[in-house]
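Here you go, one structure.
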Amino acid sequence: MNKGLKIAVIGGGSSYTPELIEGFIKRANELPVKEIYLVDIEKGKEKLDIIYNLTKRMINKAGLDISVYKTLNRKEAIKDADFVVTQLRVGGLEARARDEGIPLRYNVIGQETTGAGGFAKAIRTIPVILDICRDIEELSPDAWLINFTNPAGIITETVLKYTNVKVMGLCNVPIGMVNNVAKLLGVSSNRVRIEFAGLNHMVYGKEIYLDGKNVTDVVLEKLGDGGLINMKNIPDIKWDTDFIKTLKMLPCPYHRYFYLSDDILKEELEGLKKNKGTRAEQVMKIEQELFEKYKNPALDEKPEELEKRGGAYYSDAAVSLISAIHNDKSEIHTVNIRNNGAISSLPNDVVVEINAVINRAGAKPVVLGELPVQINGLIQQVKAYELLTVKAGVTGDYYTALMALTTNPLVYSANIAKKLLDDILLENKDYLPQFN
Amino acid sequence: MNKGLKIAVIGGGSSYTPELIEGFIKRANELPVKEIYLVDIEKGKEKLDIIYNLTKRMINKAGLDISVYKTLNRKEAIKDADFVVTQLRVGGLEARARDEGIPLRYNVIGQETTGAGGFAKAIRTIPVILDICRDIEELSPDAWLINFTNPAGIITETVLKYTNVKVMGLCNVPIGMVNNVAKLLGVSSNRVRIEFAGLNHMVYGKEIYLDGKNVTDVVLEKLGDGGLINMKNIPDIKWDTDFIKTLKMLPCPYHRYFYLSDDILKEELEGLKKNKGTRAEQVMKIEQELFEKYKNPALDEKPEELEKRGGAYYSDAAVSLISAIHNDKSEIHTVNIRNNGAISSLPNDVVVEINAVINRAGAKPVVLGELPVQINGLIQQVKAYELLTVKAGVTGDYYTALMALTTNPLVYSANIAKKLLDDILLENKDYLPQFN
Amino acid sequence: MNKGLKIAVIGGGSSYTPELIEGFIKRANELPVKEIYLVDIEKGKEKLDIIYNLTKRMINKAGLDISVYKTLNRKEAIKDADFVVTQLRVGGLEARARDEGIPLRYNVIGQETTGAGGFAKAIRTIPVILDICRDIEELSPDAWLINFTNPAGIITETVLKYTNVKVMGLCNVPIGMVNNVAKLLGVSSNRVRIEFAGLNHMVYGKEIYLDGKNVTDVVLEKLGDGGLINMKNIPDIKWDTDFIKTLKMLPCPYHRYFYLSDDILKEELEGLKKNKGTRAEQVMKIEQELFEKYKNPALDEKPEELEKRGGAYYSDAAVSLISAIHNDKSEIHTVNIRNNGAISSLPNDVVVEINAVINRAGAKPVVLGELPVQINGLIQQVKAYELLTVKAGVTGDYYTALMALTTNPLVYSANIAKKLLDDILLENKDYLPQFN
Amino acid sequence: MNKGLKIAVIGGGSSYTPELIEGFIKRANELPVKEIYLVDIEKGKEKLDIIYNLTKRMINKAGLDISVYKTLNRKEAIKDADFVVTQLRVGGLEARARDEGIPLRYNVIGQETTGAGGFAKAIRTIPVILDICRDIEELSPDAWLINFTNPAGIITETVLKYTNVKVMGLCNVPIGMVNNVAKLLGVSSNRVRIEFAGLNHMVYGKEIYLDGKNVTDVVLEKLGDGGLINMKNIPDIKWDTDFIKTLKMLPCPYHRYFYLSDDILKEELEGLKKNKGTRAEQVMKIEQELFEKYKNPALDEKPEELEKRGGAYYSDAAVSLISAIHNDKSEIHTVNIRNNGAISSLPNDVVVEINAVINRAGAKPVVLGELPVQINGLIQQVKAYELLTVKAGVTGDYYTALMALTTNPLVYSANIAKKLLDDILLENKDYLPQFN
């Protein structure tokens, strides 16, 4: 237990990596990292080099004894790893641009993690994550897979159902909601605690506590008054006061796609008309600028601009989770894991996003009970979509894929689902071996 | 047990009543009806007179010893009744026209039993059905309430949750599906058996049997080939072959509103443009013609034209159910009743539409198990909407009503839900004492 | 569907067979049996001959065109069978004598289907039933297995969990309870209906109806007053009036072993002292007499003495069930089948004894809901014992077997369980290949 | 939140109180106790005086600013209390002697918290705890009730079902098991973590961790080798190695009554013959000696002899729980609370003993999933007994009480249950207003 840890970062050339590295540096006193392996694919070699060099400068500045490696050989990175972090994006931002663009052809919201776009991303990613898991099963069966790859719920569900890998899915939305509530209340984040319930990007803050006192009503009141809780990559549409009163809990930023779908769609379609480009296209530009900065040999810390990219709190979420596991802390984190009865309204064997006790033995969810009726319907619908997507992504069955898209609440019409599916399969065919 | 039965028909002036009367006449040998009370409200007095006279002529022609009464005094009809049949329509066809029209203002499907229109109908009907149940609790606590009033699932759920009345909700959709499948197969209906699963107007034929042999695939193949299974009042849009293959079960005609919402909406909006009128307006015309016929003193049987009205099989469904109860037949009928574990995916205490064993002790559902994932999401979503609607209809709480509408899959956007709700509450205010 | 049926009777040399044959004769008008194969093992050859001859005489007398065969080749009998009936007894009455005797050494009740004796019988039978099922899977995969072999619940659970054979487990206890209640009320059996809940030999009559009217209280009152409901092979101990009032439902005869264990044990131990012999020894004598009668070439019908043997109503239960399947009757029978949610308090995948709708598609249980608290504990305990026994019987794992016996409410002490297990394994070792 | 805390100790004159006081002293730095009210009844006045004086000396020695009060007026103590601790014993040790003695008359194990003795204690205590809760509801509705009174599971279930009081039930068995496992492994207790599952005095250590590593097998191996895990008040009977292997988890000391009932009963009956006296009689003697010590004006700390009394770790369990609540620690403790889905095999609304996250918002159980089959039966049986006992204790219904006793696995025979019940009701009649 005292030997240093080996960390494998799959998708190591990602622009987010400096966040993660910063996290390891901050927690060096409690987390004895010895080796960090940054892995990427041939196509990402150039970015990987840039990130590798920046990482080394950051580690050096911190004066830490951590060896950093870059490699295109995933097996080398995974072998004997203690933690494998996946933050890959199959098909890159070009694929994301398609995910956001195809749905808009049919007046359907284009979003990279939910809706038809998220579906495309899911079925592209599933074959890759299964490959990674085969490597982990073989080369580091005791490693924990910390999955950040979106759609994080669906990917984690795939790993849990089709592999023997120990996995937790992680997202920065819950930690972002805690931080935003803290800002709304004008207090520090560590005084705020939220009971989360739901699925990834479909999570609700069921109860909100300040210093252990229930302040849900106070927060919702402020929220209804226009208090903004959002993320960088989601249109800033205000919640209606009456809607918040009737929901009786804190929606997550992504809920806008479901409850305000008409406004979101209108905004997306107008953006298209004005040649504003999809979010993917905006992000490509930001990335380019970021990597320019990263190249600067004088830079030896995470540049401020990274926040714009949408990954705020990423390092906190990931590294504090890894520390809770390694140090057997029995601490509460919000993760994507097997429900196992925590939410009585959902089957035991599906993945939920929920507060859980984290220690070396893994994650055990804290009981939540029945889902309130006002959120149960939507969550069930989205979970059905997720289960169908996992099955479609693993088997490559056309009809299961069609049912998945039909079931997605942002799509709904069976006829449009079919058109979307046919376009998605055609335009992603290089990434969909299971459908060929 | 040998005494003759007293039947109270609430909404006796309905154009459907001759169907019901025909049913009693057909089964006179097994069902010893002694008295039929036709009840209606002051406003429906004229129609009640017409129906009363036609009923008497029909009974006379059949040579039966059944006394027929008409009354505006509901208590008189309910007192000591053995069966109370509810087929009322609060607000009449004028209200239906509004239910169908208001949603279209906001590009939302207008339908009288599902969607926002069905919601309006539900909250108008709930106070009336509760009043009726108070009378039954007081004057005929052992009577069975056979509820035909739509939305039949929501109304039955209200009765089960808020009264002590023994109730079964009944709909002619399942029997219609059996008959249509028989037609598709070219066999007589009694050779076809369907395992139904779901909710009222949201019911699926999970397995289809011909002479006890599973022919589900055969039927779906024919259906995908254009075999038509529909009802008079629903637009005739063909199901896509691939969709039926992926659904793997028989949809009910009302599923078109959910799976083909874009086509339906287009058709409704075009109808509006062409001044075709809503379905309510068409029905008003049919009704007028029907009542003209009913007035004819020479008419002493159910006229053929009644079928156009949409109530086919109504008499079969209702009277054979009453006979199964009275004669303790332990026969299988498809009814709306408490789930009680029959569908494991839904709570025990909600109403489902399902095959059940019917005898004097009531209805016990036949076990169905888990809902297949391809229908679980939508059913859960609609059940959540139903539960919220029941609560809103009973309490008159604005926020619960808003959540109900927001949860309805035909509405979805929270902002549109609010506009719809405000219009509905305003334009139905005479029928919504609970909201004032 | 019109071709004649082939019936295979495994354990055809059983003294019960004439009951079954009588059943087929009685229902010849609705059940077109063409061939009956009586199968037995080498050791039972002599009895098989006797039964075969009697069967032929019975069929001849009835003037039916049914071919009867006897064979030691099970595969020949099973090939293309429509129904396979299992009524075998592994190890014969000698084994039963041991099952009843071993427990008494340790002051534990000795009974052949429950308690430690039933456990021994179960693990002897499981390898044999699995063999039979392999034959059915290969030679008549569409056949229905009607299992009468005890412990019927455990054997049916084994078949359902470890084979693909279509099975219903059947017992004459429920039909016996209906007939006894009818006698108690002085009415004919067809006017009585009981809602059964529980497990095989652990089934309760939850509600009792006469002509569809709930008469549970009336029956319990009479029962508490000494009205006897029992079977031939269970000691006649009166139920206490207060106990019946608190149970609030009808116990089955076998419940005496659980609720009156001290009295039963005392009686068994005294019987032992008086050299009365175990029930097995008494039955051996009855059997000998029966077979003497069966040999008589003048006998061409079921002799009255067979009733003493304990198998009353066997033909009714079995043949009316077979007819309900073959004729697609959708009739209610009480069978052992997969719970599937019918009893919400038990997992979906365990076998329960319950009322079910029977037709060509199989058996679907009628929903029962939660088990009342006064019976839930005992049923759960016995079900846990059954599940462990199935696993032990299939795997031959010593520790699972030990836990099964420890969990049995008639055993309880872990130390005694171990002694019992060691004796059982030793003295049955010829029949327990899986433990060697 | 900064004001000092008021603690009300009901049953303040108990010999255990010095344990509790020691706990408050030890944690004075994190738990700002300002007032401690020791309450007792008239009959316990003398003991209360002794404890009060000792408490004051202990507080003085520690140099703390805590005011100590003694009172016979419960309402005065409860008013505005932050925590109410119940450690009362209705009927005192005389009643316990009866609880242990009556069952032995009928060869039934006599134990004060399980079996028939625990039943008697439960129905004596229920009216008193309900009275206390009425006071809390009125005078300190925000207070937490920390219930130590046995049978702790049943009492907590009563409070949760019949009052609005915020309650956690607490027992020193789980903490004792952790400490004993630590001793067995030769490590300090804080390195050991156990996943507990079950009911009060029926709790299993499902998984055992040392420094976060699963060491369940290691511990069970040592246990089977004779490693002793027991409590002072339970006969020291060794677990059989094979039994532990088959159980696959750590039994609690009280499980001896269930798995080794024959040995325990033999030992109890022999003790009776040898005039060893029941455990109650031994405890009376210990108590007398303790109070003699407590009287000594020179004594100003908890005397070592208190450990013999059986209440080891009491202060740790109680005061660290109170601190976790007050300081909003989100720390894991093992408590008796509403299941709420944590154990999928049990209903949501029953009380279980389980690991839970403790903070100011209360206790949320950590999910456990399905109960393993080898313990599910017994736990279900005991829970059924508990539910019936709660109902009997609240309603005073004779038949429910009879069913409760019949359901208890240590009793079983319905006839003996009746004899036991009649003796219990007669000999406790002064304490059973609800049955009169």
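For clarity, chains are labelled A, B, C and D in written order, and residue numbers in each chain start from 1.
Criterion: contacts are C-beta pairs under 8 Å (C-beta built on N, C-alpha and C of every residue); 3 or more make two chains touch, one makes a residue touch a chain.
The structure displayed is predicted, hence computed values, not measured ones.
The minimal number of chain-to-chain contact steps leading from chain A to chain D is 1. Between the contact lists of chain A and chain B, the overlap is empty. Using the average of C-alpha coordinates as each chain's centre, A ends up farthest from chain C. Each chain gets one centre point, the mean of its Cα atoms, and the points for chain B and chain D are 56 Å apart. The mean-CA centres of chain B and chain C are about 45 angstrom from one another, to the nearest whole unit. Looking at chain C, no residue sits in touch with two or more other chains.
Listed in rising order, the residues of chain C touching chain B in the complex are 1, 193, 207, 209, 211-214, 328, 330-332, 340-344, 348, 357, 359-361, 364-370.
Taken together, the chain B residues at the contact with chain A in this complex read 240, 242-243, 245-247, 258-263, 373-374, 376-378, 380-385, 387-388, 398-400, 402-403, 406-407, 409, 412-416, 418.
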